[in-house]
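Common to both upcoming complexes is chain A, partnered first by chain B, then by chain C.
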Partner chain A sequence: MLQNYLKIAWKVLLRRKFFTFISLFGISFTLMILMVATAMIDHVTGPATPEKRLDRMLFVNFIKMTGKSGNMNTFPSYYYMNHYVKRLKTPEKISVTTTFRGVNSYVNNKRLSLDLKFTDANFWEVLDFNFLEGQPFNQQDQKNANRVAVITDHARDQYFGPNVSAVGKYMVADGIRYRVTGVVEDVSYSRFNSYANIWVPLSTAPYNKDDTGLTGSYMAIILADSKADIPKIKEEYQSIVKQVKLPNPKEFDKFYSHTESILEGTIVRQLLGDGENSGMGKFIAIISVVVFLFMLMPTINLVNINVSRIMERSSEIGVRKAFGASSNTLIGQFLVENIFLTLIGGLLGFLLSALVLEIIADSGLIPYAQLGLNIRVFGIGLGLSLIFGFISGVYPAYKMSKLQAVQALKGGQV
Partner chain B sequence: MNNYTLNPLATNNASVDTPPHHQKTVIKLTDIEKVYQTKTIETVALHNINIAIRKGEFVSIMGPSGCGKSTLLNIMGLLDEPSSGTIEIDGASVKSYSDKVLARLRNEKIGFVFQSYHLINDLSVVDNVELPLLYRQLSGSDRRKRALAALEKVGLSARTKHFPNQLSGGQRQRVAIARALAGQPEIILADEPTGNLDSVMGNEIMDILLRLNEEEQTTIVMVTHDELMAKKTERLIRLFDGSQVS
Partner chain C sequence: MIRHLFTLIWNRKKSNFLMITEIFFSFIVLFGVLSLAFFYLDNYRKPLGFEYDRVWVMNMRWNQEKPEEVRNIQYRLKQQLKSNPEVAQVALAASNIPYTMNTSNTGFNYNNRFTMADWFTVDKDFAEVMQVDVAAGRWFTTEDNAAGTKAIIINQALRNEIFPDENPVGKVIREKDNPDRKIVGVVEIFRQKGEYSSDKPGYFEYLNTDYASNGTAGGTLDNLMIRVKPGVTRAFEEKLMKQASQIAQGWTIEIKTMNEMRTSDNKITLIPLVIFSVVCGFLILNVALGLFGVLWYNINRRISEIGLRRAVGAASGQVYRQFIGEVLVLATFGIIIGIIIALQFPLLQVFGVQTGVYVAAILGSVLVIYLLAAGCAAYPSQQAASITPATALHEE
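Coming up: the complex of A and B.
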């Protein structure tokens, strides 16, 4: 039966090529936009090298203080990380890093701009970098504040020459000489917590040990033992946050900080959150409404086209009813046909998305971005196609099922 | 074939006319009325129709255009509902049947042949003939076997892979008959099956229907305008302005 439905669906598609083009264009273009958007979100927030274990990860990137002097939303200090974040007992590991900063190197009197990040040795255990050669620096390097560095293949190619081995060689950045211990694959600029071109021990970072201020330029990556520990860590962190002593309560009397996922903490809270609520609910509602409205137009278009196509097929509907198709069987047939059409549209949308993402990746808009349609994005695209096909097919199918066999055989009005 | 004519009085006292030599009643219509109503006009399409069709009969329905012949056939075939009255198939009233049960009944008991064939142009001849079998629990190979057998009966074995628009009118009507036969129904309802055909082709189609009736005892009810065709059937029902006149 399915084969018969698909044969008919295919023939109907070929019958009115212009209508088919309009339908498929609407579906594939809409899905392309949604899939590119999904791929971008996935690129920033989904698990990818080196942040592969995101389901077990939390991040402390911001602290917020409010009071008479207004609001302050900034990165925490090393003191805050050491005295508060590192008090957490539940996580398997905590890594503290700085934000990346621009440094200059010179190769043959030409300036090479690179991004450098200070990290502890845990950084290499919490994250999963792909080492092309050598290895990360270790706890001993961190303890001794050794001038060692891990660099990306891009930095290696620029500094030492394409594909020249760099391990054991020295590299100067901002006038400081580092011995290269390892070379890793490039990390996308959008991976804010792990991105840099050079990583060096945190112990070599210039900071004032007597500074007990809460604000600075540090971040923490927390790895839980298991996914189940995530709520426990969040709870434990909030109990620590309550103990934070504010340096100047007359200026700022309230303090907020959260340990959250990238999407919730780094993106949504910064856009929509206040001190207490991350704004995730609002974010989901906004995204849902946007996606719904975005899909609504081509859906209405498809519904209209489908209704007019039913008119052309009234004889077939009448014959099928006469020979034993119930209304529900016909609804099933029409939905299968429509889902078939939207899956073709989905496939085209998928190919278009791959093309657009390739263009975005090649444009260098997001440095070192490896944009692609992975299985997760494909699954979302497929799901969207099915929803699309179902929604745009239900109303015309319902109208069709209401058509009396006699009316249909006479070419009656739907 | 005998031309058996009904008692005209039977329509007035609501009794059901019965042919002499057949046993089981397969379709029974009692006090059927069909009224089409718009906001301003009420049109009576059928009035006080009482007919019994017995197993193995070949009945023709005649009457001028617009007298309700096709409406009557559609009501017999459960494609249309009467405004009042009772339809019985194999002795059971279908009044309370759901859409699903009516669909199954049509699928298993009745085959339709339409004047304008109503073949699906996007499907091949054999796929068209398979159509009634799609709604049964049959494997693809069983469906194909039955469809090919039906096409053989109408002499179209050589055209199975053609498409309807590659066939002549007579051939299309033969495909439509094969489609009606494929499900091996007890009853075939044919709405002017020779109406769009010339006399040679019309006779060919009529011969197929007569053979089916004689050899396989298929009950056939045929609407026709053609007196010559009607004379070949066992019994003639005449309608005039929605009422049964003979």
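Coming up: the complex of A and C.
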């Protein structure tokens, strides 16, 4: 049965090639744009090297204080990390790093701008970097505050020359000499929890040991034993947050901090959050409305074309009705045909989005980004195609099925 | 004739409903993109209020030095940089210099008038480095070092909001929790966010960075603005960097030319417009193709009607005009609904954008939609018009 429907669908597609082209153009471009958008969101928030075990990771990026002096939303200090975040018992490992900062190196009188991040040794165990050569610095380096560094292959190529081994060599950044212990693949600029071109031990970071302020430029990555521990860690963290002593309650009397996924904590909360609530519900609602509005126009267009196209086949419908086909059978058939069409469009859209992502990656818009399609994006694209095909098929199919057999045979109007 | 066309479309409103909806949505999307484009264009034509060419910016990040120590280092750094023959002038400014993402704003209160204003903390050499012209009053001088009141220079946009019909120079703004601010001058315009931003209320606040005369007072500023003399190349940068790292040991120092900063900042501003335009272009093209297909199909279905009209003496031109006319009337229905929605933006002042921008966007959208509709109808209508009565009547 299904096979027959598909055969008919194929023949219909070939009959009026211009209409087929219009339909496919609309479907494939609509899905392409949606898939590119999905891939971009996935690029920033989905698991990717080195943040591969995202389902077991939580991040502490911001602290928020409110009070008489207004709002303050900023990175926490080293003191905060050491005295509060490190109190967490449930996680398997906690890695504390600074935000990345620009440093300058000079190679043959030419400036090389690099981004440097101070990290502890746990960083290399929590994240899964691809080492091209050498290895990360270890707890000993961290303890002794050794001037050692892990660099990316981009930094190596620029500083030491393309594909020259760098391990064991020295590199000067902002006037400080570091011994290179390892070289890793580039990390995309958009992964700001792990991104840098050069990573050095946290113990070498310039910070004031007496400073007991809460604000600074530090962040933490928390790795849980298993996915099931995530809610426990969140709970434990909130109980720690309650104990935080505010240095100046006259200025700020409320303190918020959360340990969350990248999407919820780093993006949504910063845009829509209000201290307590992360604004995730609002975010999903906004995204849904935008996607709905965006898909509305192509859908109406497709419905419009489908209505016209279906009328061409009124005599076929008439014959089938006269021989006893029920409305539901006809609706089913037409829906199958339409979903078949949108799946072809979806496939084209998938190819097109691969092309567009390639172009975006090459344009250098996001430094060191490796954009690509993966199984998650494909799954979402497939789902969108099916929804799209279903919505744009239902109304024309319903109209068609309402046609009286006699009128249909005469080639009647809808 | 036109009334007749309206009746024709109205009679088939049910089957034309989808097409009208499509045109309506196209209009709205187009209106959105054109509003943004005209907004940028309108801003682009206004003066910036400063000159970015040959300005280099040295951004400084210090460690745990005490504020006083930082000021001392910054003061010495400024003197050192200025002593280079390649440098014309050096100034210190807060982090919200032109072409950065940083903003500082605050409420501005005077005589029961209130507005939000951007504020830029600078020293007295800033005007010379950035070539800011003072329209009334004067720029900051050492006279303003006197403690107690803070000298400020407001821009014309702020003046229009707060001092619509009086001379602001010499006025003192007193607020409960802040030190008094005295207006010493007015600048025409200063658009920190660059070419594509609108002209917003703002003011400069004076900070005395002369450590020698003012050791403990004042504050710390993040940026050294350097105006280099003509003909100075990027090779000078390393020399600056060396001088800086000797004086400010252990600080993180970054040098950028304002040209560089401008390019990357404008890119960030323009990328949303480019993405919207591409998506909008695709949606409109999609609708146009759909419209073309549906019109073609519908007109083909009306061959017998055309034959009849031709047989009773209608010229092919008349048939052609009828079909084009019908489509334009169809478009009019969509556009009217669209305009009703679009007019709410200037009426409600949703984004505080000038009404002229919206009007231009509405007119532009109307024009594009009509052109598009006529373009889509041209070929099918021409085909309809070229049908001879004999073949058409034969159809039935």
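One rule holds for everything that comes next: the second predicted complex is superposed on the first by the 412 of 414 C-alpha atoms of A that agree within 3 Å, B and C clash if a C-alpha of one lies under 4 Å from a C-alpha of the other, contacts with A are read in each partner's own complex, and residues count from 1 in each chain.
Rule of thumb we're sticking to: a residue touches a chain if its C-beta (ideal position, glycine included) is under 8 Å from a C-beta of that chain, and two chains touch if they have at least 3 such contacts.
These numbers come from a predicted model, not from an experiment.
When the shared chain is aligned, no partner comes close enough to touch A:T74: not chain B, not chain C. With both complexes superposed, C is the one of chain B and chain C in contact with more chain A residues. In the superposed model, A:Q270 makes contact with neither chain B nor chain C. By the touch criterion stated above, A:A325 is placed in contact with chain B alone, chain C being left untouched. Once the two complexes are laid over each other on the shared chain, residue contacts for A:F25 go to chain C alone; chain B is not touched. In the superposed model, A:G102 makes contact with chain C only, not with chain B.
In the superposed model, A:Q404 lies in contact with chain B only, and not with chain C. When the two structures are aligned on the shared chain, A:E316 is found in touch with chain B, with no touch to chain C.
When the two complexes are overlaid on their common chain A, residue A:V307 makes contact with chain C while staying clear of chain B. Interface of chain C with chain A (complex): residues 15, 18-19, 21-22, 25-26, 29, 61, 63-64, 235, 237-238, 241, 245, 250, 252-255, 271, 279, 282-283, 286-287, 289-290, 292-294, 297-298. Chain contact summary for the complex, chain A toward chain B: residues 1, 3-4, 7-8, 11-12, 15, 315-316, 318-329, 404-406, 409.
Of all the residues in chain A, the ones that touch chain C in their complex are 18-19, 22, 25-26, 29-30, 33, 101-104, 106, 109, 111, 113, 174-175, 206-208, 211, 294, 296-298, 300-305, 307-309, 312, 365, 414.
Chain B meets chain A in the complex at residues 74, 77, 79-80, 99-100, 102-104, 106-108, 111-112, 114, 118-120, 122-123, 127, 130-132, 134-136, 140, 179, 183.
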